[in-house]
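The structures considered in this document are given below.
One chain, chain A, appears in both complexes that follow, with chain B as partner in the first and chain C in the second.
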Partner chain A sequence: MMGFDWNWQLDGWIVAAGILCAVASSLLGCFLLLRRMSLLGDAISHAVLPGLAGAFLISGSRSSIWMFVGAVIVGVLTALLSDFIHNRGQVDEGASMGVVFTTLFASGLLMIVVAADRVDLDPGCVLYGAIEQTPLDKWDFPWLGIAVPRVVVVLSIVTLVNALFVGLFFKELKISTFDAALATASGFSASLIHYALMTLVAVTAVACFESVGNILVVAMLIVPPATAYLLTNRLRTMVILSCLIAAVSAWGGHVMAIVIPSWFGFRSTTTAGMMSVAAGCAFMLAFLFAPNQGLLPRLVRQQWLRWSILADDVLTLLYRIEESARIGVSHSASADGSTFAVTAMPLTQTVPWVAETLLTNRFAVKWAIRYLSWRGRVEPAKANEPGSESAESSEAASVLPKLTAVGRREAETIVRSHRLWEQYLVTKVDVAEERLHAKADRFEHFTDREMQEQLDEQTDSPSIDPHGRPIPNPDQD
Partner chain B sequence: MSEHLWRVLSLQDHNTRVVIFGTAILGFAAGLVGCLTLLRRRALVGDALAHAALPGIAGAFLIATAMGGEGKSLPILLAGATVSGLFGIVSILLIRKMTRIKEDAALGIILSVYFGLGVALLGIVTQMNRGNAAGLESFIYGKTATMTAGDARLIAVASAICVLICIALLKEFKLLCFDEAFAGARGYPVVLLDAVLMSVVVVVTIVGLQAVGLVLVIALLVIPAASARFWTDRLVVMMVIASVLGMTGSFVGAAVSAMLPRLPSGAMIVLAAGFGFLVSFLIGTRRGVLVRLWRRRKLNESIDHQHLLRELYEMFELDPSRVSVPYEELLERRSWSRKRLRRMLEQASREGWITENVSKMEFALTDRGETEAKRLTRRHRLWELYLIRYADIAPQRVDRDADAIEHVLEPEIVAELETLLDNELGKTRMPDDPHADGVAS
Partner chain C sequence: MDPIALSVDDLTVAYHRKPVIWDVEFEIPQGKLVGVVGPNGAGKSTLLKAIMDLIPKASGRVEVFGKPYHQSLHRVGYVPQRESVDWDFPVDALDVVTMGLYRRVGWCLPIRKKHRDAAREALARVGIADLAHRQISQLSGGQQQRTFLARALVQDADLYLMDEPLAAVDAATEAAIVELLKQMQADGKTAVVIHHDLQSVPEYFDHVVLLNMRVVASGRTEDVFTNENLQKTYGGRLTLLDEATEAMRRRERGI
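Right, the complex of A and B next:
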């Protein structure tokens, strides 16, 4: 089926352990992320060393139950101490975590070294459990008929507990995460939920890293929730999505760990590391392509907006040229108060002139014109003006096109919005005349029909704008 | 023992000298840089960077070995670590700038994903038949005790560069830390400055990483800076204190571990710094917990004292003919407990504000006490009057409001209130009690 060596007896259990660890972590990770406590997993996984050493020194055995209890106690202690230093000492959250976990780690190291002759404990081995060894240590379940690895059993229980906690207390978690004061006001203790969450994070971190390695649990506490956070605004969706992402990246990570090194002629590499790399890849995809938050969609949306505004501007400029020619012919010298800079217009309006007027480059204007003519808003001017065609062919390319009937109508709508806004700003908002144009220029692209009508009503349906130019009305023509 | 102590402290052994010098200089630089990252609310950036350096180390080793070079040469590995550390920083800044993900999660993402990549690469490195991969882990766990003179020299040079950059750009970094938006508005290249600051952190982290290990370098970046914050509100002072604390912590830790050879020096340095943090946390003169408790207690005492004097004044004012006030009557005026009232009365009589009879059950104000009590009452009533006249608050409710603010009214504000309420004051210059019968109407 797959082009590489895959053994369900081995790889199946490894992937199962990875998925369970990933799901258990990311369930809680969502709330850590929103509470800005993402680094707690990292802090706990460093800090539990004295718990392990202490449990060993006291119980004198390397039984995993004692180790587990010791580690969980110190893990919860890490969270409590960081909270205490943060609240009482007014120290930055990150810094208080940093102080606590480094000090605890150092004291754990010290305990191990001091009791070295009695303790046979390698910190590296304890802290960095290996997920590859999952299938080796199995428990028999006679009534099931199969032997299940111990790790998978433990992680299943942890996952179940976390899922129950999140499922049962979803509302409480949500309220206390977003508004702790409201939680207290509505009658349940936000700090109780907080400490329950801390305890579960500690249990999960310890259970996961003694079986599958701490790097995986740190990654899965943060990366899948962050990825889901970029994809949705709803907490429920975020929790579900992050579990899915976590599971997929656990599976994908194991496949990557087997496949990628083989391209370079190596055997498989560390699965836990690759699982977190897979989660990182998922995050990168979301970072780039998430529909709302992603980099590229945002960039495209921004460019598209810029582009359509430029097209609008070109269209209205063409209309203004046409209009000034018309007014210039019909009542050339009358125009009372008409300060519109008709005189500043050169006799032959060319693309470079448009580009300069709109503060952009020729290339963009040419493309905008091409776009407009594709949409049937303008047509080439050559056929209508044989006079200008007689000029050189290179000049002919930069002569501006003519508006079509559809284009004129659209331009009139935009110009109408623009001038209605100017009128409104002058009469209702008292904006200074020299700042009118710039403001109206921004609004004109976002003014729909309904707003136009309202503006019209508010300004008593004027026929000329503050500069004395007529306000077109495409519906009446 | 004392001979041994003297040998260590006078730095007679070459090895001890190197270790102590190296870690002390690193502690100095890390403390200084740590202040800036702490105030930038990025205290754990060193944590993220130290983890992010791993794929660079493993990758550099892989590439160098594959090209037939000596993979474990220090410059190559350091270059690899620096490159991937810088990549990590760029990723953090990008995530921070381009998405709504917060600082801590951005650090966490980079930390775990890069470290995961590093672990995966190490998994491949161990399979290589060429080159000797053993010892690459020492980059993560450090090898403080076996620091060579070359390492110490590297630390010294890198630290000097970082300290000089920080001093040269002090003003810019300060603005960046306290008000990024303002710095941007003043035309400082905020992104560039941020990048420079983070590069300095990269250099300190990576130099420290190979010399003393991951956890120690994080501790040196975080703990001295966090401790220094308890002592001062001024950045320069804080930087000086943090550097000194970092240096002292390193010195003490390294010296202790040199005297008792079984103790790992890295852990001892962290513990020494942690001890410094504990001391600062408790007795730091600016934000220390005990100092703040003491300050609050002082404030409460002075508030109690002012309340007591005012109550006494009002009781005498109500009935000018009486000579003294009995204890039980005083007790009923406010919700204070017997013990508290007793303590307040004792203190007030000791300081000469009130006199008491032999049985200590009847009290009267001394002349000094009366002047003070009159001043306090006046202040309280001025504010009440102000609230009634200008804030339209019902007379029944002004007492509580005035109670809350009267203790912090400055003389200037009192003078201002006086001019505002000039024609309400009358001849006595003492406003009437708005709660007394007949006056409130």
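Right, the complex of A and C next:
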């Protein structure tokens, strides 16, 4: 089904290592992101290198516990040192972090080059690790009856510790991240929690470093949490989602690493790198399609708003035409000649005239009319109605429709909002008369019933607007 | 004589060795509604933070209900400035209010139904019960401030320290908050409130601390909220004091 040989003994363990690393990192990454410290995670995961190399040079072994401890200490030191330089030296936070971790990382690389003469530790390994070699180094678990790769065991423990930390101290992490002052004042020392978090970031970085490389930790500390943050506005959901995204990226990354290069006739590429790319793709998807914050849904919502405003405008214009026919053109013309075309209503109104009045094109107006008639707000005017001048049949398509009862009621509500706003702006805000219409025209589309009632109350329930036109009230008809 | 809720003695706080508040000394009797007023940069927020040990003190002693601050921690509630937190944080209003109960819940233990109920009740008291599950960035400024106040309410403290709860809120919110403060006072609580609008001071507060680096005056509003004291508070900084500290700083830095 997958188009390649899936070997549980090999691929299964590789994916397991990737998923564990990804989940362990993104659990902590959520809080780094919300503390605006994503970069510190990056810094720590780079800076553990001299700790690893130093401990290695001293002990001469790759898997000693001292190596682990040494690297973790250097990692935590990174956080302490950059804090110190930032506070005492009055150096910018980002700059102080950059100074500390690049210096440490570079000195770590130098130490590895020195050590490389003697052993099999190479700088390339630092970046993208050796996740493909995961299944080769196994520990036997006789009571389980299977041999589990050492890396998977270590990463399982780290993931478990991180999950316990986030689970048990969820509340404390939340309060100290949101409001450090309140946390401290409530007896949860914010700096204690901060350094506990930094220690675990260092532990995670070290555990992942040798197996899956630096690039995957950095990516998984930042990318899945950032993706989840786009998708939700609940912290718990964000943590769970980011773990899921991390896990799926890890699995998908491995599959992509094997499949995609083969399309172009290459051999499979580095899995850790592809896992990071997969996470980046997940972020792009969320960036484009996230329901609330995604680029495309936002665009669609904007267009929809514009469209419904146009439909409202067409509806109210039809109402005004009706109205001026009922109460006479002279009345509205006397109120104010300059602001609105309705006041100088031509005898026959056509679609092109509506388009011109609403500053849009005929095509849009026709579609708006079609939409309104689909919703039952308007119906086609009868061709043989007296006074509609049906002689020119070629222009029949341009003849405006009539309002239905539902449509008239809806139009009255909007016109009521409009005129109440005009009244309010004149009496309460002192807006100049020539700018009244434009302001009210904007507000009318965002005025709900409650706001309308408040407007009515604050303008002493007027019956005519500042231009002398009646303010309709659909409830009283 | 009422017992003393908060006493501050010889409090000095320096930032980069430059004093922000200097030799601050005052006492607040229990059950008072206290306004802290002073010009921008007078050290009002610094004073509150120093009282709560959130920033290091250069010197000074703070006593809350006759005991050092860290022994009376549970009796102090804090309302920070609205701008001090990230309102895009992924929590809803109810979550923020519940944070006021974390101390009582204790380390590691989860929030239970009774805590959430208490938080809902507090939201109702500040008049935004219907917004409990709204993400906090979608609240208006006034609603955000009410959320903070609800959080202070559930803390059920005896002494409240509030940093500009009336800054940039709408008139309705201001009235609601003041009403709430009076209610809290009726319940025997003490509130120390940083305030920026001099006009409303006599109306809202029965006790005033006039601050400009040091305490110009402190006491009952009708006694100390006088034109003369206001002139001293707002009539420019103590330039000689500034110059002296600046000289100290230069010498110490070896410039």
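By our rule, the second predicted complex is superposed on the first by the 392 of 477 C-alpha atoms of A that agree within 3 Å, B and C clash if a C-alpha of one lies under 4 Å from a C-alpha of the other, contacts with A are read in each partner's own complex, and residues count from 1 in each chain.
Note that a contact is a pair of C-beta atoms (placed from the backbone, for glycine too) under 8 Å apart; a residue touches a chain by one contact, two chains touch by 3 or more.
Everything quoted here is computed from the prediction, not taken from an experiment.
Look at chain A after the overlay: chain B and chain C clash there. Shared-chain residue A:106: touches chain B; no touch with chain C. Looking at the shared chain after the overlay, A:238 reaches chain C, while chain B stays out of its contact range. Taking chain A as the reference chain, the count of touched residues is higher for B when chain B and chain C are set side by side. In the superposed model, A:98 makes contact with chain B only, not with chain C. Contacts of A:171 after superposition: chain C is touched, whereas chain B is not reached. Judged by the touch definition given at the top, the superposed model places A:229 against both chain B and chain C.
In the superposition on chain A, A:156 makes contact with neither chain B nor chain C. In the superposition on chain A, A:184 makes contact with chain C only, not with chain B. Applying the stated contact rule after C-alpha superposition, one finds that A:360 touches neither chain B nor chain C. Among the candidate segments 56-64, 164-172, 254-262 or 290-298, the part of chain B whose C-alpha atoms clash with chain C in the superposed model is 290-298. Contacts of chain A with chain B, set against its contacts with chain C after fitting on chain A, overlap at residues 90, 229.
Of all the residues in chain C, the ones that touch chain A in their complex are 16, 49, 52-54, 73-74, 76, 78, 80, 84-86, 89-92, 95-96, 99, 102-103, 105, 107-111, 135, 137, 151. Per the touch definition, chain A reaches chain B in the complex via residues 33, 36-39, 41-42, 46, 85, 88-99, 102-103, 105-107, 109-110, 113-114, 116, 124, 213, 215-216, 218-219, 221-223, 225-226, 229-230, 257, 261, 264, 266-270, 272-277, 279-280, 283, 287, 293, 295. The residues of chain B lying in touch with chain A in their complex are 38, 41-44, 47, 95, 98-105, 107-109, 111-113, 115-124, 127, 137, 141, 215-216, 218-219, 221-223, 225-226, 229-230, 262-264, 266-271, 273-274, 277, 281, 287, 289.
Across the complex, chain A meets chain C through its residues 34, 90, 168-169, 171-172, 174-175, 177-179, 181-188, 229, 232-235, 237-238.
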